[in-house]
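The chains carry the letters A, B and C, assigned in the order they are written, with residues numbered from 1 in each.
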């Protein structure tokens, strides 16, 4: 082979590598994957599905109890889309591990934190889009922001914060779990149960006595209560406090899982 | 070491005979049922998930619905979940068919000297058996959350019959769809989505009056609603005939539209590896 | 009717393998094995073959029964056709005792039989008239002729039984694609044939037609004399298909799969169980027997797959890419199995992309490209037919390589690319090229470490045959 052929084959090494460039390249890849794989479509369809399937049949039922269901449902719809975006982040982490891309990236001259940061960036991007769509859908069914400027801003800040934290958590779970299938099984059923048995869909009074303690104190109910109070403008430490504690706790848990997951992935050989 | 030769039995019935169809469908039915009971996923999806959904709907929305209707919500929820349970169970069978087509088991069975209809018959019959079993189990669970039989326990039988009729038609449709699509393309997730939407928009979820007016005709005549209404009326009392007629019409139509594609599609799926 | 189909063994026929007593050696070796352990086998439900029985049966059955005739199209001249074949307007075996009586006697005649055959060899030309199924033999109306034929030429049907698979002008079109254009080949019973060809060549479609999965749009295919389109149920009783993926119920255990297949094929439950146990033992799967097939390794999966195909002995086994994706050890196991099948008299047709496999295993190779048979023959014949031989020249000192290339420049093809130390010189003149190379190198004082003549590898043959550019000039 001639020297010219060799150069064509091997190329030339660059003189310096920009971390920022790497981060943006990986993020771009993540975003493109999300779009191509159709997750993007799901982020639109699932809040729509939720809103349509619960609002249309139930709003008259709830009116009998004096509840404006559109206002009532908004938090859970937003939370659901947040949860969905986070859930897919778990799948993404797991799949990167499964296909071996994670390992490949570790061999490249790339800072260890960058692939994770890139994944987080993708997640946040998807999250933002989901929240926007969820809000649009809520507006369509009749929700109106009632908390004033600050109330609405804090509402969305809270939603975004929850999203980031849950993404972190989910990413950690994804890296710890053995396979994408195991991941979705781990996260799927508990999410449904938690979601349904919360004050997201129904007021606490309508639940049987024996389950009320669970419903009242579980994180999703707390989040829904917090968001509603922000939305109505009567937020107080009483309504938001437990939520803040939950967020901090989940943040800690998420960071722990993520660290463990990265360490596990580093040890993994193929 | 030589492979010992075992000749085919001399009394094996000719392929085209009824005796062949029956004698060969029996072990095939056996295999479907064994796998159904053995796989955790299928039992989960056929029985556990519907039972759980039944309980959750009662816990979360039961009170609200009772306030609005004055009736125990179980009389709506339980029939609805019985139907949903069969529907999702059929999807599992559809997925299994797709997988077996992909691995070539369908073709292999077709190359064996067995009746051409044996495997398909076995699938349908095992579906029927599954439907009856899950219906009975879910009705039992339902009685725990409030679905009782004030009109007499014998009403269980016509209730099971109605559920059976609906489920059979749906199962045949799923079979026709699974078998007619190109290998690799699976329509089962879309069917799954359709079933989920149907679950929210039938009179088993909330009474008809609760739906917006423009939706009410769709909800009223959707295949699930008449079946739910019939089952509810059979146990509680109320108009049965008008709903039952609709159930029969839907079942006959869906079954009629599905049988030929199912048969033809199966033949094509088995012949093309 | 099963009897007319000629496949269900006559109850009076106690040979374990209808047709295993035919003229060929492999079958008689099977007889011998069976005889040794007769009682043991009988106890387990196998019907051992015993030659004395055959001899006893042969005498009375021969004369009244007209022997089977076969009509066939273009044949290889080496196959002999009995005189009865002339009577091909539609004569068929009558019901009752089937044509196997003919070649059940064949094995005993030895050379005398061949002499008889010599005088009766009749080349048949022209397209094969289609077999009319169900037509009862015209022979009973012509007893004199039949008796004569029976008396002088009783073992008349080895010709028919000797060809396991006969494909004649097979043609299949799918909507707008022509999958199989014109495929014709024959496979003698008890041999192994490999179907070779690039993807999309029509191998799978051809196999599907032979397995009765698809009806040919044109042409005929006969499996042991039975038309795949007209007598599909009879064909299915004789064949077994093993695809590329293990076509089994993944949710059942290996044992349960075997029992299922056994019961489907008509065995009683206890028979199926014992047969399953035997097969598990033979294939070394006893420990894994009660685990789900889903959990099997690739090699185990392949073994249980093949085992399920052998539950009731097929005469023709179709193996579609049997060793694709297997590790070398499992591949050796499969090859050993195929050899065992051959010893048992089973005909094997395998499709493969591994030329080495085709080379090693098969008695005959059929190369298919774009729906047509472009070459057929043994591995050696194919290599010889493509004409090219090669001369590998290796200089002793690596530094001499450029000089060597210069010396041989005019012998090398125009686009020659040199890799490594060995110069591959096409040798159209065979050994003369070698002599020429030696002359030149000794004249210029260039020392060689090695010079060899070799035939092309099967890879090279295959590439040449399926190369669109070479298609015109290579005579296959």
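Quick notes on this one:
We take it that contacts are C-beta pairs under 8 Å (C-beta built on N, C-alpha and C of every residue); 3 or more make two chains touch, one makes a residue touch a chain.
Protein names from UniProt, one per chain: A = ABC transporter; B = Transport permease protein.
All of these numbers come straight from a predicted model, not from anything done at the bench.
Traced through touching neighbours, the fewest hops from subunit A to subunit C number 2. With every chain reduced to the mean of its CA atoms, the largest distance from subunit A is reached by C. The innermost chain, defined by the distance from its C-alpha mean to the mean of all protein C-alpha atoms, is B. Note on chain placement: the centre of subunit A and the centre of subunit C lie 60 Å apart, centres being C-alpha means. One inter-chain figure worth recording: subunit B and subunit C are separated by 46 Å, centre to centre, where each centre is the mean of the chain's CA atoms. For this pair, subunit A with subunit B, the centres built from the Cα atoms lie 35 Å apart. Subunit B meets subunit C in the complex at residues 1-16, 24, 27-28, 30-31, 34-35, 38-39, 99-100, 102-105, 107-114, 118, 270-273. Remark: subunit B residues 52, 56, 59-61, 63-65, 67-68, 196-197, 200-201, 205-206, 209-212, 215 touch subunit A in the complex. On the subunit C side of its complex with subunit B, the touching residues are 1-2, 7-9, 11, 16-18, 20, 30, 33-34, 41, 45-47, 204, 208, 211-214, 233, 236-237, 239-252, 256, 259-261, 263-267, 271, 275, 278, 282, 310-313, 320, 340-341, 343-344. Those residues of subunit A whose C-beta lies close enough to touch subunit B in the complex are 49, 53-54, 56-58, 60-62, 64-65, 193, 196-197, 201-202, 205-208, 211.
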